[in-house]
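You will see two complexes here that share subunit A, one where it goes with subunit B and one where it goes with subunit C.
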Partner chain A sequence: MAPVSSTTQAAPGGAKIRGKTLQENIAGWTFVGPAMIVLVGFLIIPLFFAAYFSMTDWDGIAPLNRGIRTEENPQGAYAFDGLSNYSRILFEEGRRQENFFVALKNTINYAIVVVPTQTVIALTLAFIVNQRWLKGKGFFRTAFYFPSITSSVVISLIFMWMFSTGGLVNSMIRTLFPSYSPVTWLDNPDGLFHLVLNAVGVDPSRDVLRICDPATFQLLGCEIGSVRVWDWLSGPSVTMTTIMILAIWTTIGTMMVIYLAALQNIPGQVYEAATVDGCSRLQLFRFITVPLLRPTTFFVITVGLIGSLQVFDQVYVMTSGGPANTTLTVAYLVYRSAFRDAQMGLAAATAIVLFIIIFVFTQVQRRITKEV
Partner chain B sequence: MRTSRFTALGAAALAALALTTGVFAQDSVTITLMGHSSSPAEDEALSASIAAFEEAYPNIDVDVQLVPDFDTVLQTAFASGDYPEVFYTGQSQFGRYVNAGVIANGSANIETPEGFYPALAAVYTVGGELYCPPKDFSNLALEYNKDLFDAAGVEYPTNDWTWDDLRAAAEALAASGTLPEGTVPIALNPDIDRWFAFYVQAGGTFYDEDGNFVFANEGANYDAAITALEFTSGLALDGLSATSSDLSAGWPGEAFGQGTAAMTFEGNWIVGYLADTFPELNWGTVEMPAGPAGDGTLTFSEAYCVGADNAHPEESWLLVNFLTGEEGAQRVATGGFGPMPPREASGETWIEAVGENGAAYVAGGAYAVAPVTPSDYDRDGLGNFIGGVFRGDEDPEDVADYAGSEM
Partner chain C sequence: MAATTIETVGQTSGASRLLRRLLAALGMTFLILFALVEIVPFVFTIANSFKCLPAINAGPWAFIPTSGFVECRDPATGSAIAASELTNGTTFRPSLEGYQTVVAENLPRWFLNSVIFAIAITILRLITDSLAGYALARIKFPGNRLIFFIILGTLMIPGVVLIIPRFLILKQLGLLNTYQGLIIPLAADAFGIFLMKQFFESIPKELEEAAEVDGANRFVTFFRIILPITTPALTALTIFSFQGQWNNFLDVLIIVGTDPNLWTLTLGLANLQGAGGETLIWNVFLAGAVITTLPMAIIFFSFQRYFVEGVSYSGLAGQ
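Presenting the complex of A and B:
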């Protein structure tokens, strides 16, 4: 009897719980609903569309309501091409492949320089403006944050003006060093390592850089993905460096604010305890602040990495990928294929490859940051 | 009684209203014309033309949409299948739009297909049929600063100048010592269209008989591409020319207007620009210098195209014919703004409107070539390699090889 009664007693309670779960479900979906709609409408669906069109020869112009091009429907907007777009950018030798690998090289260079630099500077700045002894904290916080809230297009235009050959930057350097011959910041494809080598007196002649003879270990002229080894190694161009300076300067503000919030979350007792134990100021920073900020650092690096793999607007405004494609980034290449060369299928394939690259990088970086 | 009278009145009024709106709904047609904004004067002239058209055809309403970032907006409109009835089409976009099947063939609908400049009509002709009547166009010419030439005591350029004359004059200007600090004889950017211009003067061609794009591919074309690059980069390497960014200007025309270059090679868009921005400048124009293969200049144009998926094709062609017919061309000509009218007959009128500096641009129409690249040609990619040649970092041969290689 007792088990029976317990089940009969449990029944109304279970219904109540079920009713409550249903209610909670409704409430939950209502809360996440708007975000879900935005996410599905503007992210998931476009992502599937991009994946779909990356396997077609669509030019981005032909009206999609004409359907797929077949023998019965010769007016169709696009035909399936299998993976040929991927093969054109990744495996087939030619200009499309060269453009993609040049863009990839530039983007990697950019990420390698920009992400660590902006993270270190942002942490340093946040640490400084978090000090109690600092006067005019509000002013400095606003000043450092200001570039982040200004339109990147406007900043790019101002940089173009500052870095033009007869512009502010060159005039200032010339005032300090009268013998300085002006650098054409915005139109100089020479790689930084190349210039460093030149400065120490090594000037590899152009012919040497073109030799590809594995037997004698002269590999600088060999091509990996239609791009010469030397071009992979010669570093970001002067123009790319200018764009990097701009990007670092604009992003550190946001990163600094994130670090600042995290710094203020570290309880004062931890510092006090460490001070009692005899830590110096440097040790406090090294052994208390930095480890406690690790989750924030992970966030800052991830956001920075994703941002720098997608860099587009500065390139669009300042250089259009020139000079000699040294500022061509993958995101800009996607735009160029889609809207300048009428190759939407190819652009979609490039975008999907970029997505995979970002995904892999983020996973790798997550592993590394977690294990440290 | 009173009530019923009011009811009757109201019913009659309603019926009248329904009738009139019904009549309007049946006869009135709205067509959309999409384009981009040009100079304020041109935009005003366009509205005036549209007003005249709407007066002539009261049942047609034209909705003019001048949008920023026009090519991208139009491309997305095409892709959606819901796009304007009439739109501007630049010569570099035309091939793409024809391939995508969004442009209606105009051969049966263009009222006066004869009378356009041949080079201009050829751009918009596919398989012998004219798809879109040209709207207006520009040719490159040589602009020179009279004051700087006078000060240096160098003779003004003439229409029969050759490359050697150009170089000699540039050297004389540089040697005279009268050019102010920071001023160069020539403002010339390492861009692809200037390369194309000198390529034509060196005897290069863009298309073979089968319609294949043959720029810099082999033989005479390859040699012409190199000759052109060697000549123009030679000017830069010898300090006779500088780029607009070297001269702290946005484009060579601005440097020319600021007086930091004695000569430049721009199209007639510079006429209105200089008149507005540098009205004091004392300048003249002559035709482009002749290269080893004779005269050559480039033409840049736009056309009015009618959409293929179009609910009102008749009304659309009425509008396009109105804007591009002989009277339409006269209207463009008398406006006297930058771009020239597309019909040879209106050339003189345009010169009268803009002054004697217009003559060199019109004269170029006789032999100009339109540098139209294939729809998937990587123009931007190629264009940003030319700078290396001008700095002496790249060999002309390498860039020509790259240009002539398969995509």
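Presenting the complex of A and C:
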């Protein structure tokens, strides 16, 4: 931060050094100026703005120049009510809390399925494409990567069509299994575990799932965060699963390309040395490839996790959060509260809670990946 | 396991060779299966975008066109032509109805807006990101480290969290539903600054030192000496930025969502769903999807190397 020592040594006179340093300072600030104006003006300052409004009941519509609503100024645009938005989302039983925890449950389900699945598939594909015997590497790389350059809205529309009742997916299954009765993929709120129970003859709509009696350990009907334990556990709905398939389908290409680059970065001598030491192919993969790919895996999982916790576009285009709120994600809830329910203050609070959740998740994930 | 050790000596036992062949076949099957899963949706999107609506619902897998373009409605009676006359499950009679309808839904305007936004933002980012990246890489000035950490911090803020703050500030500035409102907030990005900074750090310092000896100041050095050799990084930045903005949905929705004249392709497409009333007009959606994807596809196939290098690089650098 202080004037650089090397310039000090090189320059002959004191005045010249000062002139030079000044010139460097001016150049430095001029160069970073435009970018900093944009980032501070439209990213950092607005964030404080949002933190402030998360503590108000502003509806997002009333003109802000009317000021704060008080007894003297009953026409004010908003009232300041401290942390009550946060409390309504997190702690007070009711519809706000239910919406938030349902969205949180859906988002976590989504991340738990999507992140590991796409990582494992991407690694497997990259590993096969990296084999020396494989011909047409370029073709496979293009085929897998192409979906990544397409817009999420386009892919959502294509998937809506493919998974529609008479779409590609159902008609293909019907060709293979004539007895198949078409699933309404995009309008099916049943959880996957719920369907599994159905299949083995247990009717999940039975009363046992509604009972809350801690004394006899019948807890499935108890509510945690205004959401029944059974709803926490019944798994992603069929419709949510469709969105997960979409996400995995889109992302594996990018992750495969990243893995492939990392695999090609591992020097061949490492493998040669290990082979000479008597490692089998399986051992090579387990003890050389996987450990050397750890930084890449860390990167891929972090990017995947951050993306999964923010899923929005697909929900907006395909389901608007339905059916029965089973595809309502936290990001979509932020949008819905702000722009449909006219609850800008509440939406800002939800957004900040989401920020904290993403931060905590990535930190926890960082610890876990570093230790394994 | 013992079998593979023998391999290094040059002798491969029959069982091990068989196992390797089997594994290779298995791997190949896996690969081809996934490649099909990735490609098939696009192929059938194109095929179905050229069908009349009844033909899409009756035979989504039909992919061989059998005639010239037909009308979907009988010109005499105005009633829709029956699906059985349009497709037999394998072949279909193509139609331009989807494309005609989506163009009539104001698609040319969305296309123009997408072009304006993506190009304006990309050009501005090339300037702001490379200037900032250079300053952070090479110029020592007070606040250099602080600014670096601020930018690093902004990378951690998830995009979704920013929709409310951005909306608030743009509303206050009266920039909602304007071209400037969408362009200015996106005119610089932390990722681009990092990309440029990394690149500038890899350039040998001697170049600048020579220019300095000749009496050139920072500005002259940057524009005359440094920028001309920065083409690879600028190309990567151009591609990332253009792709990101061409496909951008969230910012467009929040900032210009209520003025249909400023909609881009993504927002226009997303709002097409209401256009058919109760019926989902798949041929129109799919035609819109094809038109939206086509420019990116052309760019991708022309500059494929840069795409792949860019992603690989961000993956390796991200560690």
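Just so we're on the same page, the second predicted complex is superposed on the first by the 319 of 372 C-alpha atoms of A that agree within 3 Å, B and C clash if a C-alpha of one lies under 4 Å from a C-alpha of the other, contacts with A are read in each partner's own complex, and residues count from 1 in each chain.
The rule is simple: a residue touches a chain if its C-beta (ideal position, glycine included) is under 8 Å from a C-beta of that chain, and two chains touch if they have at least 3 such contacts.
Treat the numbers as computed from the prediction; the structure is a model and nothing was measured.
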Side-by-side fit of subunit B and subunit C on subunit A, or clash: clash
Contacts of A:166 with subunit B and subunit C, given as first, second, both or neither: both
Touched partner set for A:55, first subunit B, second subunit C, both or neither: neither
Partner chain in contact with A:158 - subunit B first, subunit C second, else both or neither: second
Touching partner for A:64 - first (subunit B), second (subunit C), both, neither: both
Which of subunit B and subunit C A:104 touches, first, second, both or neither: neither
Subunit B versus subunit C as contact partner of A:254, first or second or both or neither: second
Touched subunit A residues, subunit B compared with subunit C: C
Partner chain in contact with A:299 - subunit B first, subunit C second, else both or neither: second
Partner chain in contact with A:42 - subunit B first, subunit C second, else both or neither: second
Subunit B versus subunit C as contact partner of A:227, first or second or both or neither: neither
Clash-bearing segment of subunit B, relative to subunit C, as chosen among 63-71, 171-179 or 333-341: 63-71
Footprint overlap on subunit A, where subunit B in one structure and subunit C in the other make contact: 60, 64, 164, 166-167, 339
Footprint of subunit A on subunit C - complex, ascending: 1, 4-5, 8, 24, 27-28, 30-31, 34-35, 37-39, 41-42, 44-45, 48, 56-58, 60-61, 127-129, 131-132, 134-136, 139-145, 147, 150-151, 154, 156-169, 172, 184-185, 187-188, 190, 193, 217-219, 222, 243, 246-247, 249-250, 253-254, 257, 265-267, 269-270, 273, 280, 282, 285-286, 288-289, 292-293, 296-297, 300, 304, 307-308, 311-316, 318-319
Residue ranges of subunit A touching subunit C (in the complex, touch as defined): 1-4, 23-25, 27-32, 34-36, 38-47, 49-50, 53, 60, 64, 121, 124-125, 128-129, 131, 133-134, 139-154, 156-162, 164, 166-168, 171-172, 249, 252-254, 257-262, 265, 275-276, 278, 280-283, 295-296, 298-300, 303, 306, 309-310, 312-313, 316-317, 331, 334-335, 338-339, 344, 347-348, 351-352, 354-355, 358-359
Partner subunit B, residues of subunit A touching it in the complex: 59-66, 75, 77, 94-96, 99, 164-167, 184, 186-187, 189-190, 319-325, 328, 336, 339-343
Touch list for subunit B against partner subunit A, complex: 71-72, 75, 78-81, 83, 96-97, 99-102, 182, 243, 245-248, 309, 375-381, 383-385, 387-388, 393-394, 402, 405-407
